[in-house]
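First subunit A sits with subunit B, and in the next complex the same chain sits with subunit C.
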Partner chain A sequence: MKKVLSMVLVAAMTMSLLAGCASNDTASASTDSSTTQAQADSVDTSDTSADSTDGAAASGETFKIGGIGPITGGAAVYGIAVMNAAQIAVDEINAAGGINGYQVEYNFQDDELDNEKSVNAYNNLKDWGMQILMGSVTSGCCVAVAAESAKDNMFQITPSGSSVDCITNPNVFQVCFTDPNQGIAAADYIKDNNVASKVAVIYDSSDVYSSGIYAKFAEEASAKGLEIVSAEAFTADNKTDFSVQLQKAQENGADLVFLPIYYTEASLILSQADKMGFDTKFFGCDGLDGILGVENFDASLAEGVMLLTPFAADATDDATVAFVTEYNKRFGENPNQFAADAYDAIYTIKAVLEAGNVTPSMSVSDICESAKSGMTSVSIDGLTGLAMTWSADGAVNKAPKAMEIKGGEYKLIQ
Partner chain B sequence: MRFLNYLINGISLGSVYAIIALGYTMVYGIAKMLNFAHGDIIMVGSYAIFCLMSLTGLSPVVSVVLAVLICTALGITVEAIAYRPLRGAASPLAVLITAIGVSYFLQNMALLIFGANTKQFTSVINMEPLSLFGGSVTITGETIVTIISCILIMVLLLTFINKTKAGQAMLAVSEDQGAAKLMGVNVNGTISLTFAIGSGLAAIAGMLLSSSYPSLTPYTGSMPGIKAFVAAVFGGIGSIPGAFIGGIILGIIEILSKAYISSQLSDAIVFMVLIIVLLVRPTGLLGKKIQEKV
Partner chain C sequence: MNRFKNNKKFRDNIITYLLVIVIFAVVESLKATGHISSLMKGLLVPVCIYIICAIALNLCVGILGELSLGHAGFMCVGAFSGAFFSKCTAEVITVAPVRFILAIIIGALVASLFGFLIGIPVLRLKGDYLAIVTLAFGEIIKNVINVLYVGKDSEGFHFSLKDMVSLHLKEGGQVIINGAQGITGTPNDSSFEAGFVLIILTLFIVLNLIDSRDGRAIMSIRDNTIASESVGINVTRYKLMAFTISAGIAGVAGVLYAHNLNSLMAQPKNFGYNMSITILLFVVLGGIGNIRGSIISAAVLTLLPELLRGLADYRMLIYAIVLIILMIFNWSPAILELRKKYSVRNFIKNKKTKEVE
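Entry: the complex of A and B
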């Protein structure tokens, strides 16, 4: 009896191991086919950009943009969104005549959220002939790849690697806000729009993202004269009970609680505040994006919660509507902010290449030098921000978009 | 008034620790093993209630009863498969490590079945918060129900152990397994029964934990489980009233140190207090000193 039971248990564990591995090798090869199709679609584009097109058509030269991100594993949601959205952007650009009259080839490689695999993917892409890199999607991988791309002086733009370490090299630029910049943007937004005058903060001191935002938020708040009445931390090991943090905020008369944290803890804070009858405004960063996706979540708790996030799928401007419709049509779901960042990244590449009048025959390093100087002069109206500009250190300047949760949906505050 | 509020928050957090600690201490007291998977059985109980309520639309009471049955079955199964074969093992470490293994197994199974996404638990307790002193102090319905359940379960357990035949068998097993066997007590059956009761309590603890702190993930049970274990040691592991008192005191220390010292250091302070208590009273607050007879 004992033996039978233990055999069953062993069998069950083995099965679960197998089940875990099964879904791995599916998505990595799927990107190339559509690029070649896009090339075939747009042969007759010579009228858009007069002088260079003939040469391009004759020699068959193309820009080769590589992408790296996790399309399997724990952060697959982010990588797939970036891969898909960048594909949409590339197809649109090719259909409209390419960049400087040259078609764009796009190749996206999986890094499984692993730094070493990200560097391998980078080397694979170099063998393929990549001239410009859009990636990596996550901060850790991006830092690893940036060390390599700096050696090659390859122009690199990351859609979503938000750590400041991603952009220490001069050849790397970010589309998303850096973590500290979110803190500054949040303090500015609260002060400039008179959202509140007395702010309490609850942050996770054991998390780089959260404590990074808090540090800059506090700095900017004191510079701007925004009063922080209480700043209470919690840690990864102590994140179920927030009664003290909330009570301190309430006692100190906070009219807004700033939550630079992820939505799992935020949902607990909201329900505890509700239970203790603390009626206040909550304000968060992009980590709160997703709170409405918590299964069985009582959306009335989040009513009126404000968050700074670069992109809302329900925004009504033409560009967003067109992008969301196209994304839905192709991939059957609403794009998230990572998708929007990637879409903007591709169009940013297009803009800097056009500003520098770059051609594919130039060397990788020459393209990079031209693009680097282009980055500091272009201004992009993208999905994740209007009039985005970049400083030479690689960080983006853009006005964050503030959303408010109303009636169970993210609504853009106009 | 402010202090009173903190105190009540502390009691409400402590009552959750206490109810989890009851299960720990019960199993330790009788089977003399630390069931580190207890926190994860609580998580399974929470998921069971969540699924029964949201998927099949059963009433809260029926869901809780079914969850208790599910957890009881799980507890008996885990004991039979993972712990019983090791009971005779040369080193008591074997069972301890297996318990940690079971804990990870349950977490990862939950991860596989339910995914990593947080689920919001709908509180099964529908009770208006109690307002005192003109609304300056409120006690949530969850706290009241948790404390009452704690006391009720404690009394029931003590009565069961002291007044019934099965309970007497448990006492016998806890004192000397070999001698109990010689006296005709079914040791395996008694320990199974202990696990059954402990795991059934875990389902109730899961209900109360998730009603107070409604976000549900596969790791929901692990940290409260460890804190409750500390509470059980604090109160004197093996002692049922000790678990209750230990849990409440731990909750109060945690909240007060968060409130008056530092919200980041509260865990460090809690564990420091534990060390001091153990230095002064090695068996915990209410622990019995067992004399080894040579």
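Entry: the complex of A and C
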């Protein structure tokens, strides 16, 4: 009898726990559950206009933009940059009267660099009433979330998810270059400007970004007749000692080392190459942006390093200066390229919503349809490029800028 | 009915089954009436995955008494073999449930094969060697998959450990495992219902194994190896059996995982050392050797960090504190004493004795 009773109690407790979870959660998501439900319904069926207006009326006529990225763990630097920069953009927009006269609400959720957690964050934002998604920050998470957002037909723009798989669905657009484009652009630049003829590559095989760029770079290089004399990989578990990779490059007589990696590892490579007395040119992609800010790194070693990047924090145009000053004031550091991408992403959302005359009372799916057609017609002058346009497949058209580090500053190569 | 009254074990098992079925029914009805948030809906499959994993590890840690720190590795093996199969046959087998069932069987077989191979040398040893070897296994598997490139074209399969370019695929070829980018575009076959069926199946296998002659042999090895050897039990054989089954079940969880998300990558976050520890955490907090406890703790601890999202930055901090409190509540001798004194069971008993008086 006792057993039976305890069984019933356990079952009841667990049930109440699970049931409680559901109701608590919707309540804490700051919209009442009926709103969420109405919106969810309108996504599913997208025929009940009464439902969708109902939902918007209850949410107070604001645009709800959600963001997803890692703000804890190893890749937190990128997620935090995106979160902060988007916050600046949203605040500016709100201060200037919002989008189409409606204020913008912004909510950023952590995904811990885990695909599964990223989808959880997405679902959480949906409960909050998100209408447009700016995220995810990293490629892998972005692919997982894009599959979900396609089901809901929610407009999604990723600031920095650069893999091609991110934009296979028609509702997803990118602000950054795709990895293949960067690889091709880098190979073209090196060949066309006669920077070098024998190239060594050091890349991170465990990183989607790095291996994605390398794969296309290798393809384009062989097509263009650029000789790759050594291609050495490292992995996330093994990224402190690069002497083997550098030695290979030196032995094979490389006159340029291509580094499609992030700046933390690149700074180590530069100092180790210096110790070995390996004097050569280094060439990188947008991941190298930020190398001058690495702690305990002798910035003079980076002299002469070339990189293709859409953004440099010390550019002197008004928009960049204003953004960098504001970011510095609020967060006490220089923004990196991820921050600039996120800032542009928010302004892109603003532009397409204004182009389509979208109001918050429209259903998520209608906003998406309008924004999708708007994306192919807008042209944005952002921090990461002038006159950015998008094709229907979601990739951005903007010119990469080739920078060279001279006198401790990023200088545009003319 | 007599069996229900007289056999404590049987009663316990029925309670475990009922618990799972009742929760399933409640969640299903909540889903049908729309009283469940999107977040919860998205969490249902992961909860099933981790419950299955926790049961698998409990079989290894609680019943067999061997510590394994590589169950995320077995999950990884199952996930990639299952997803590989599904991706290859997505066009051939168009009936999703059939394909999914085949994928599960393949995932389970491959994972148990790896478990078997690792077990052959290691389970002959005494001591904590299994923990060390499985720990290494998990890391090795993750790294191997990160450099593995597999493609398919009209000529068959191409393998490479270098990069995508050296696969030399023909026109129209398809890269299936793309190194660090893993497998993208696995069909989305997992569902809460499938997860539920798999949990029941897992429970059925594990609980029946425990109650069988083999199960008693396994537990006797845990309790005293020398004594069980002396009565003629083939220690290595039974150890291998339990460990292989445990690995296979973890593989099933992996297949479920692979078919839940669109992109499958072997990252430290999902298949690394930390994941193995998390699964061990479910088992330890739920009670080592207590299958029902594993189910409850896996469910609660998977849901907890997501439900704390409202607390923003303090989320992971609070999660850690909750874990410490749970640990103390479960194992501290002083608390155990208190729990004995003020338990519901005691309360009822006292009442009864008073009534009698």
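Note that the second predicted complex is superposed on the first by the 245 of 414 C-alpha atoms of A that agree within 3 Å, B and C clash if a C-alpha of one lies under 4 Å from a C-alpha of the other, contacts with A are read in each partner's own complex, and residues count from 1 in each chain.
Keep this in mind: a contact is a pair of C-beta atoms (placed from the backbone, for glycine too) under 8 Å apart; a residue touches a chain by one contact, two chains touch by 3 or more.
Fair warning: this is a prediction, and the values are worked out from it, not measured in the lab.
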{"item": "Subunit B versus subunit C as contact partner of A:Val294, first or second or both or neither", "value": "first"}
{"item": "First, second, both or neither for A:Asp207, with subunit B first and subunit C second", "value": "second"}
{"item": "First (subunit B), second (subunit C), both or neither touched by A:Lys248", "value": "first"}
{"item": "Which superposed partner A:Asp237 touches (first subunit B, second subunit C, both, neither)", "value": "both"}
{"item": "Partner contacting more residues of subunit A (subunit B vs subunit C)", "value": "C"}
{"item": "Which superposed partner A:Asn120 touches (first subunit B, second subunit C, both, neither)", "value": "second"}
{"item": "First, second, both or neither for A:Val77, with subunit B first and subunit C second", "value": "neither"}
{"item": "Touched partner set for A:Ser271, first subunit B, second subunit C, both or neither", "value": "first"}
{"item": "Subunit C-contacting residues of subunit A that also contact subunit B", "value": "2, 5-6, 9, 19, 205, 233, 235, 237"}
{"item": "Residue numbers on subunit C that touch subunit A, as the complex places them", "value": "11, 15, 18-19, 22-23, 26-27, 30, 34-43, 46, 139, 143, 146-147, 163-165, 179-182, 184-185, 188, 257, 260-265, 267-270, 296, 299-300, 303, 306-307, 309-310, 315-316, 344-345, 348-349"}
{"item": "Partner subunit B, residues of subunit A touching it in the complex", "value": "2, 5-6, 9, 13, 16, 19-20, 205, 232-235, 237-241, 243-245, 247-248, 251, 263-265, 267-268, 271-272, 275-277, 293-298"}
{"item": "In the complex, subunit B residues that touch subunit A", "value": "2, 5-6, 9, 12-13, 50, 54, 80-81, 84-85, 105, 108-109, 112, 117-122, 129, 138, 140, 142, 213-215, 217, 223-224, 254-255, 258-259, 263-264, 266-267"}
{"item": "Of subunit A, residues touching subunit C in the complex", "value": "2-3, 5-7, 9-11, 14-15, 17-19, 21-26, 28-29, 33, 36-37, 40, 72-73, 109-110, 112-117, 119-124, 126-127, 139-140, 143-144, 146-148, 163, 165, 168, 205-208, 211-212, 214-215, 218-219, 231, 233, 235-237"}
